[in-house]
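First the structure, which I've put down as structure tokens, then a few questions once you've had a look.
Chain IDs A, B, C and D follow the sequence of writing; residue 1 opens each chain.
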Amino acid sequence: MDASSPIACRVRIWLLIPLVALIGAACTPGGTITQPSAPPAPSTGVTEKGPVTLTVWDQESGPVSKVWDRLNAEFERKYPNVTIKRVNRDFGELKTLLKLAISGPHAPDVVEANQGWPDMGQLVKAGLLLPLDNFAKAYGWDKRVPENVLAVSSWTPNGKQFGTGRLYGYTTMGEILGVYYNKKMLADLGLTVPATFGAFQQDLAAAKQAGQIPIQFGNNDAFPGIHEFAIIQDQMASKENLTNFILGRQGNQLSFDTPQNVQAAATLQDWVKKGYFTPGFGGGGYDAAVANFAKGHGLFMITGNWIVANLGAGNRNFGFFPMPPMSAGAPPVSTGGAGFPLAITSASKHPDVAAAYIDWMTSDHASDLLLQAGEIPLHTGASTSAVEPGTVLAEVVNAAARVAKANGVVPYEDWATPTFYDTLTAAIQELMGMKISPQQFVAQGEKDYSGFQSSRS
Amino acid sequence: MARVVFDAVTKRFGDVTALHDFTLEIADGEFVVLVGPSGSGKTTALRLVAGLETLTAGAIRVGDRVVNRLAPRDRDIAMVFQDYALYPQMTVRQNLAFGLKTRKMNRDEIDRRVRRAADMLDIGSLLQRKPRALSGGQRQRVALGRALVREPKVFLMDEPLSNLDAKLRVQTRTEIRHLQEQVATTTIYVTHDQVEAMTMGDRVAVMSEGVLEQVGDTRAVYEHPANVFVAGFIGSPSMSFATLGATRQGESLMLGRGEISLTLEGDSAPADRIPDEVIVGVRPEHAHLWTEGNGLTGPIAGHAEYVEMLGRETLIGVTAGGDQRFTMLADADTPVKTGEQVRFGLEPGRLYLFDAMTQQALGMV
Amino acid sequence: MNTASRTQVTLNYVLIIVCSLVAVYPLVGVVLASLYPSGPASAPSGFALPPSFNWHNYVSAWEQGGFAASFTTSIIVAAVMVPASVGLSILGGFAFATMRFRGSKAIFYLFILGLIIPTEATIVPLYYDVRAMGLLDTYWALILLETSGELAFGIFWMRAAFLSAPRSLLEAARIDGASSWRTLWQILVPFARPAILTLTVLTFADSWNEFFLALVFTVNHMTAPAGLASFSGRYTTNIPLVSAGAVIVAVPILIVFIIFQRQFMRGMLTGAVKG
Amino acid sequence: MDAEPVPEVPSRAVVVGGRRRPESLPGAARRIGYLYVAPAFILYAAFNLFPLAQGVNVSLYNWDGITPGTWVGLGNYAAFFTDPAIREGYVHVLILMFFYSFMPIVIGLFLAALLSRIRIRGLTFYRMLLFLPLVITDVVTALAWTWVYDVNGPLNTVLKAVGLGHFIPAAGWLGDFNTALPAVGVFGMWGEFGFCLILLVAGVMKIPASLYEAAWVDGAGAVREFFAVTLPGLRYELQVVLVLSVIGTLGTFDEIYVMTSGGPGTATSVPAYLVWRRLFQTGQVGSAAALGIMLMLIVFVVTYGLNRLMERGAQE
């Protein structure tokens, strides 16, 4: 091209347009973030606020969802000036939409945000959640639940440290992973509730031999796989290391690439090879698996307390136990702890009304109702006396109490880094699909973990 | 009513000069035909007046105004397009009224003008139709009507008849001329058809390759073409040309090449200086088969290349003197056949002489 | 082509009918599936008529899928976005087809560039821009982004349509003294009406089918397809119910397609060939 | 240089201040063109061009979308060679191209060649049916196919009925690591083939019958006729479907979101899906931007390359 030609000139002038735009755009993305300071404790009563609409986002379903409706209605009756607008989404959807929703102009006031780096950590870092410390003091929340329940909702305001700093979410309900079993099938097979991990594996083999599905499972939704792996891992790794690993307390000094994790992964793969899971579990949905288990397909199902509601809290055909330890008599260890905490967004125009709402949703009255729907109350003075012995709910409550008493609660592993949920779910699907070896599995997790830990320092 | 003046107008498109130093004055009420083959610049000249092109140099005046930079709407001209350019979604009435509405003319005046034009063109019954529903001839009339209602200073017509069939074309030719005489509006009419040019124009401007070759009334252009191009372009069947050597011997002019040898007598020799080589132009009607004592110049011996029966007459193409070609009109019942040797002669005083170098006319002998 | 034998003719019909069946079968199957009894155990095979016609599935899907809200969004967005993008395309296409101004070529090429910029290349900064403008989760986010997204094709399309008008038509208008505005709306737009109709129909289809933008920019104001995706996520095991939702979302575009199928095909085929 | 030749006009009429400008017509307001283009251009620049530039900028940072990013230069692009997740996404898209682009074109060509010689009555009706997969919302068609692939869905019903039940993967077609991607591919093939067929049949109709007659007189068989007449005659249509389908495949998102969410594992993850995941779920915003920009560059190269390839084919 002849540079002196006017045509060339003209063309070059126009090439400048995107260039100019580029210069206009060339600045470091991500401006300053104003971290909201903790609001003062609520001054006066909610009723004096005038008409208030409180938007609440949650991910409850089934009977628990119905309890929420009831509690919301009661709250509205208690405070006639308040209207609750409830938005209900499923777990996976809430995970992606929450950040979007809170940044938007129709930001909700109260949200159920999962703990950990991928969810609450990101929201805190972006300054989207309000510190609850003053409310907690005023309402006495900090005295009502064990320290570890508060810790997993605590962050330094810059979102850099997990498990410490200010409180961003509050719940009085707990979760526990464990093993559901079909009482009749267990008896028919001539088995009893196993006391050791080894005995559990023998039960699996026996069920397989008898032509039953040893573990009802469907992993199309990807998250259930985390539970299958975690419950094995809990028995093999040290719970202190696991907790510190997940909360990122020792930075790069802890690794996902440990012999225990390899062993846990190998065990999981071994179970797949032996056909202990529902055939075609990779394509099966979680809801379908729960429904099938309830219908009597499968000896065991490894998941959390929340399906009690699906089975029916008063159901006596099913039992529940924490995954038994490697050696008989050892204290039980299981993943679980606090349920989804409620948080207040910094965009909320009525934080004190929101706080009153959270207090209501965590009251004794609320926990009594939620207990009947299969949720486990964690707060001091919670009464489980209303639970009928011998029901599946009673077994879950007992199991949770035993684990809690033994101080054996380990946080969920997908909280460990902002990308760990994605990494872990995909890797477990591949592990269980025989796509990767246990060594490759831990290497994938470690790559994510160490990458994140070194970016933090 | 206005005169139109092209003053040394030049128009270039890129490297192509479409019109070069074009100067022409058109009187008020005059009907001037721009004629020439395609690419001669005639349409460009018309579009420059219309304001559809921007001139490169020179000036155009309509009336007393220089219109070089005026928008078409301010030039007070109306144009009839070759393809009529009727607005397809509008009825005939809307088509006619459109140009008036854009000038914010009042309704009554618009109605009056539309009715008048429709009457003149006999399209009153078509006013509610859309162009799609009209015949070619009807469309042509509507296109004329659209120009007429505007009552402009100048009509511009760009080959308005070329899309009509031969019969209709002849008929419409007269009508347009008649119409123009009625309204007495200055008209510039572009065509490539020299018959149209000869039959319609007060004056004819013959153009070629962007240059005005000759302008004059139709008779003058026909009888006294300024150069070889005009001579060849105007007239049908067209003039034949032979390039011959020329020598002057006293009062006589000797023209020859090969076996052609013509002696032209008398003081009719035009220019003082006759170049060594000239082009001799002969209209077919001025060449005849040789008979003794016919008073023709000749004889020229040639070879009949073709014999075309035209009906009333026969056109004979002859090669003589090697590669010189002549055409002649003979009676319908002429016995000459293709391939025969013929002898023919030319009417003295009817031969056009042109300078072989400059192509310019030297005169008639 | 008189050489075609009877078998050949038959073979051709068989081929085209088989192809059409393959194209239609999954869609017809979904309609059948939507009429099975609702519930996780319901397993329509796709070959038999449902045991009973459970039209009520449509009512349930409509209510539980929140389609009243997502249809409202889709309709509002389309109602603003379609006229806006077609209108702006007409204006721009007109300028590029009939006027020469400094840089017109370069600007036109910039628009053409838009035909091959994938949404994924701009979505990341757009998210933050839209948030900074406070438009996240509003109709405006979808309206603005869908409108600007259609401009590249729209301008390209309208320019071609206007270029196909005879030049003399424009010149006649100039001589008749019409302003460019009048020329556009009274002469070129009526002339290009078929092309404009085609563009309108295609733009509406794009707007109605928009999924990615809705997914990224809206939460409470989801479009019909995004609402359907969310709905199907909550009722994965209830095939009849989800199928009913799918049919509900497909119906409007199907109606538009059947009414305007000629425009649709011309748009997609010539649009494709020219693009 | 694609600009058209600019006239060498040394006249005052068009040369102002020594700069060339396209000559305007007499009396035409020179700048009015900008007014017509401006509304569209402002919108387009604000929501397409400017974000594109911003996207390039963001892609040069390691950014979580919240706190100030850190400059990494081309680091996010280097990840195309080091990050297996990204590489895998592109491999998947390449495999999808076989289904979305290659197969529909081959099928379309084959059928177009067969259908070309005989006038089909009711063609408009069949065309409408063949167009349906393209017209109906992706989410709807993807859900339809999710059901087709369902454990008890029509596909398995047929396979079992003809005794091929043992081919059905235990995890289902969309749940099995080996079949998930091809299953999505078959869906795409279904979506594209009608369009290819219609476009190619339309192209065949445009080939002059005299060419076929000449081939027939020369004694060419069906195969020779196809390669000598049909294929060269369809070059332009082929170029169009090839470019469109390849670009379309590169942007695959809706069906992945609806049918597999990128799973099982990452067996069906594609670049567009990665962009979305990294933007919203994992806070790898810089990387998401780089993926998007890279996708655009690939679209550029593919479009340009295919056009060049077809043009060269035309010259030979």
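Note that in this section contacts are C-beta pairs under 8 Å (C-beta built on N, C-alpha and C of every residue); 3 or more make two chains touch, one makes a residue touch a chain.
Quick caveat, the model's predicted, so the values are computed rather than measured.
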item: Minimum number of chain-to-chain touching steps separating chain B from chain C; value: 1
item: Contact-richer chain pair (by C-beta pairs counted) among A-D and A-C; value: A-D
item: Reference chain D; chain at largest CA-centroid distance; value: B
item: Centroid spacing, where centroids are CA-atom means, of chain A and chain C in whole angstrom; value: 39
item: Geometric centre distance via CA averages, chain D-chain C, whole Å; value: 16
item: Chain centre separation (chain A, chain B; CA means) in Å; value: 93
item: Residues of chain D touching at least two other chains; value: 3, 6, 23-25, 28, 49-50, 52, 54, 57-58, 65, 151, 280, 285
item: Multi-chain contact residues (two or more partners), chain B; value: 51-52, 71-73
item: Residue list for chain A, restricted to those that touch at least two other chains; value: 10-11, 17, 25, 29, 100, 220
item: Interchain contacts (touch definition) - all pairs; value: A-C, A-D, B-C, B-D, C-D
item: Footprint of chain D on chain A - complex, ascending; value: 1, 6-8, 10-11, 17-18, 21-22, 24-33, 95-96, 99-100, 118, 122, 125-126, 159, 219-220, 222, 279-284, 418-419, 421-422, 426-427, 429-430, 433, 435, 455
item: Sites on chain C touched by chain B in the complex; value: 166, 168-169, 171-179, 182, 186-187, 190-191, 193
item: Sites on chain D touched by chain B in the complex; value: 5-9, 11, 13-14, 23-28
item: Interface residues, chain D side, partner chain C - complex; value: 3, 21-25, 28-34, 36-37, 39-41, 43-44, 46-52, 54-55, 57-58, 65, 111, 114-115, 117-120, 123-124, 126-141, 143-145, 147-148, 150-154, 157, 190, 193-195, 197-199, 202, 209, 216, 236-237, 240-241, 244, 247, 250-251, 253-254, 257-258, 271-272, 275-276, 279-280, 285, 288-289, 291-293, 295-296, 299-300, 303
item: Chain C partner contacts - residues on chain A that touch it in the complex; value: 10-11, 13-14, 17, 25, 29, 87, 89-90, 92-93, 97, 100-101, 103-106, 220, 285, 287-288, 291
